[in-house]
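Below, subunit A partners subunit B and then partners subunit C, in two separate complexes.
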Partner chain A sequence: MEKLNGLRCRECGRHYPAAPVHVCEFCFGPLEVDYRYDALRGVVTRESIAAGPPSMWRYKDLLPIDGDIAVGHHVGFTPLIRARNLADELGCREVWVKNDSVCHPSWSFKDRVVAVAVTKALEFGFDTVACASTGNLANSVAAHAAEGRLKSYIFIPADLEQGKVIATLVYSPTLVAVHGTYDEVNRLCSEIADKYRWAFVNVNFRPYYSEGSKSYGFEIIEQLGWRTPAHIIVPCAGGSLITKIWKAIKELTLLGLIEGQRGTKMHAAQALGCGPIVTMIKNDTDVLVPVRPNTIAKSLAIGNPADGYYAYKVTKESGGSGEHATDEEIVEGMLLLARTEGIFTETAGGVTVAAAKKLIERGVIPRDESIVICITGNGLKTPDALQDRLDAHVKINPSLSAFDRALADLKSQTP
Partner chain B sequence: MPVLVRIPTPLRTLTKGNAEIQAKGATIDSVVDDLERQFPGLKERLLDETGELRRFINIYVNQEDIRFLQAKKTTLKDGDEVSIVPAIAGG
Partner chain C sequence: MARMRVRLTFPSALIQEPIVYRLVKDFDIVINIRRADVKADHGWMVLELEGDEGVLERGVRWLKDRGVQVDPIERDVIVP
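Moving on, here comes the complex of A and B:
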């Protein structure tokens, strides 16, 4: 089936052949994969998808892969959980958690984008992959490069959490820690990408990479029984994920898989210490003002998000909104999800839970409507954020009487 | 005020393949004008119809985003490095 038309500029519509390029030569707009939806209509059905593997590749027809999948065969199709305890706590009727904290193999939704980008890199004949990362992308690129037997160069800000560094180094990439913010790492990488012939997943492979995020959206809809939720709350860094979840809903609509259903409002979640997209939403302007990040949510610490403009437009077009979370609220959000649902998410998940809570409390999200909260990363990668809050454990000698005494103490302390 | 301007790949068709260009100008605005004099057509690629920097282009002076400085009015001195960089994704 011929499903791809090459690439197309999202701004001016100029066409480009399928190649490792990411910007329109004329207007600098981002290039996007151009599908022949007419060829896909009637071919991609609820049944054809259900007959696919229990991974993101059940949506392969809607991803920019022509040949065989090269790496990441088991990425995606993570649990969508009916979060009844969290709903009780928030005073809501229907809350779901889409849980990519358990995405195979590197424990974040970034495996979805990287599986596509690295497969594509092999398709184009590259022997080296690279990325600029706030942490999760680093883990995932290094993991998939190992699987694909590719060399990898990973660039990170030098102040990244130790957990994210170890979870990259274990795969033996070349890890380059840059003294600077992520935005500085990114600028450097665009110059490196110009000079070396590498597959930079977030630079020259961005059109393919970003498509992988659609699978997160497809899964939400399928797992809800081909129903669209009233609200989806998405953590934003570069702003790509929220844009692509929205695109996923549009594609399913276009293919006739979710006809006649209610619209979904898309809400952006960011840290107060790095929230340029939410600031655009709150000020209702399409002009992004870059910021210098200062937050514990390092995975979301992008002060100059490339898709900020589109993320803003998605929230506006869908009738959604955005909310910031302070560092304290982020920690509370992580603890709330763990305490109510038994799910340990990283700081980015804390941002999302905190933002959801605030939007519900502000009445922006009505308590009787269906809500999906996007949990995109794993808490074991960022334990540092909780260190100060979690020290209340009991230490005793190995004797029953010592335990009896400790227990009596505990009981006398708790009211 | 000679400054060094780094040209990204998509614009090199206009600069005869050159990645680095010497340009003159006391501000970003005037450097853009000088680039246009040297390579006609370049200005239209950088600025939109209203004369604003296109949305997906970032300009840096000595690695600093000009939006943290005085934007297109940012002043330059001899030997400064100006980078023109397309917006890129990440995470």
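Moving on, here comes the complex of A and C:
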């Protein structure tokens, strides 16, 4: 089955053959994978998907991979949890948590995009993959490169804390620490991607890489019994994920796989200290004003997001909205999810939970409608975000009488 | 001759200034604007710059010094 038309410019619509390119040579617009939906209709069915593996690859027909899966065989198909305790706290009827904090192998949704990019890199015959990252992406690229026996180059700003690179270094990539400002490192990496014939996953492989995010959306729909929820709240960094979940819903609709045709409202969640997309939504303007990130939500800290405009458009087209979360609210969001559902998410998850809470309290999201909250990363990677907020409540000497007294004190304090 | 593809973002304070003209005139950089959106209070431009390598570097530094944000066309190459 020939499923790809190739690539298409999101701005001027020009077509390109499927190749490791990411920018339109005419307007410098971003390229996107273009599928032959006519060929897929009737071939991709609920049954064909259900017959696939319990991973994101059950949607392989809707991903830009031609051959066999090369790496990341177990990525995705993460739990969609009916969050009854959280729903009670929020005063809502139906809340779900799509939990990519347990995505295999590196505990974030980045495994989805990287598995596609690395598999595609092998298809195109590359022997080296690369990325510039301060966190989850670096972990995932290094892990998948190791599995695929590819060389990998990971670029990081030189001032990145050592603790953050251990989860990357363990896979034996070549780690290049670059001295300079964020802007200088960013530009250098763009030039390196341009000069060397490597698969830079989020540069020249961006059209393929970003498609991996669709699987997060496919899974939500399938796990809800091929229903669309009324609301999906998505954390935004570069803005790609929200656009790809929306694309996933559109594709399943186009292929006739969705039960009923209820619209889903897409809501963007960002930190107040780095929220240019939500600012666009709140001001109802398509002009993105770049910001200097200043937030504890490091995994969402992109001040000039490439897909910001498209993310804004998705919220508008779907009738959704956006909400900021302060650092204090982010921590509260993390603690709320942990306390109610036993899920330890990273700060990005705290942003999403906090934004959902605020949208519900503001009446933007009605309490009697179905809500999916996107959790995209694991809190165990960055416990420092909570370091000053948590303490052992009871400290005692090693004697039974000491414990008896402490327990009595605790009980007297508890209403 | 070297080439560079960049995205310039102009804050409101610079909208009335002939920044791109100065880039061409003072630095002898050839520019080719591929896409742009300039409004009363904000603007961006995606363009290709062509010139001697040292000249391009100096031009970019001058833009930054003036308060123009200069990004690669991919913008967020560093991902968290």
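Before moving on, here are some points about what is shown:
We take it that the second predicted complex is superposed on the first by the 386 of 415 C-alpha atoms of A that agree within 3 Å, B and C clash if a C-alpha of one lies under 4 Å from a C-alpha of the other, contacts with A are read in each partner's own complex, and residues count from 1 in each chain.
Keep in mind that, in the parts below, a residue touches a chain if its C-beta (ideal position, glycine included) is under 8 Å from a C-beta of that chain, and two chains touch if they have at least 3 such contacts.
Just so you know, these numbers come straight off a predicted model, no measurement behind them.
Looking at the shared chain after the overlay, A:Thr134 reaches both subunit B and subunit C. When the shared chain is aligned, subunit C comes close enough to touch A:Lys298, but subunit B does not. In the superposition on chain A, A:Glu184 makes contact with subunit B only, while subunit C stays out of contact range.
Touch criterion not met for A:Tyr196: it reaches neither subunit B nor subunit C. In the overlay built on the shared chain, the residue A:Pro157 is in contact with subunit C alone; subunit B does not reach it.
When the two complexes are overlaid on their common chain A, residue A:Tyr37 makes contact with neither subunit B nor subunit C. When the two complexes are overlaid on their common chain A, residue A:Ser210 makes contact with subunit B while staying clear of subunit C. After overlaying the two complexes on the shared chain, residue contacts for A:Ala306 are found with subunit B and with subunit C alike. Subunit A residues 11, 22-23, 26-29, 131-134, 136-137, 182-183, 186-187, 189-191, 202-203, 206, 237-238, 289-290, 299-300, 302, 304, 306 lie at the interface with subunit B in one structure and with subunit C in the other. For subunit B in complex with subunit A, the touching residues are 6, 8-11, 13, 19, 45, 54-58, 60, 63, 65, 67-68, 83, 85-91.
On subunit C, the positions that touch subunit A within their shared complex are 5, 9, 34-35, 37, 39, 42, 46, 48, 64, 69-80. Taken in their complex, subunit A has these residues touching subunit B: 11, 22-30, 110, 131-134, 136-137, 182-184, 186-187, 189-191, 194, 202-203, 206, 209-210, 237-238, 240, 289-290, 292, 299-300, 302, 304, 306-307, 309.
Residues of subunit A that touch subunit C in their complex: 11, 22-23, 26-29, 131-137, 155, 157, 182-183, 185-187, 189-191, 193, 202-203, 206, 237-238, 287, 289-290, 298-302, 304-306.
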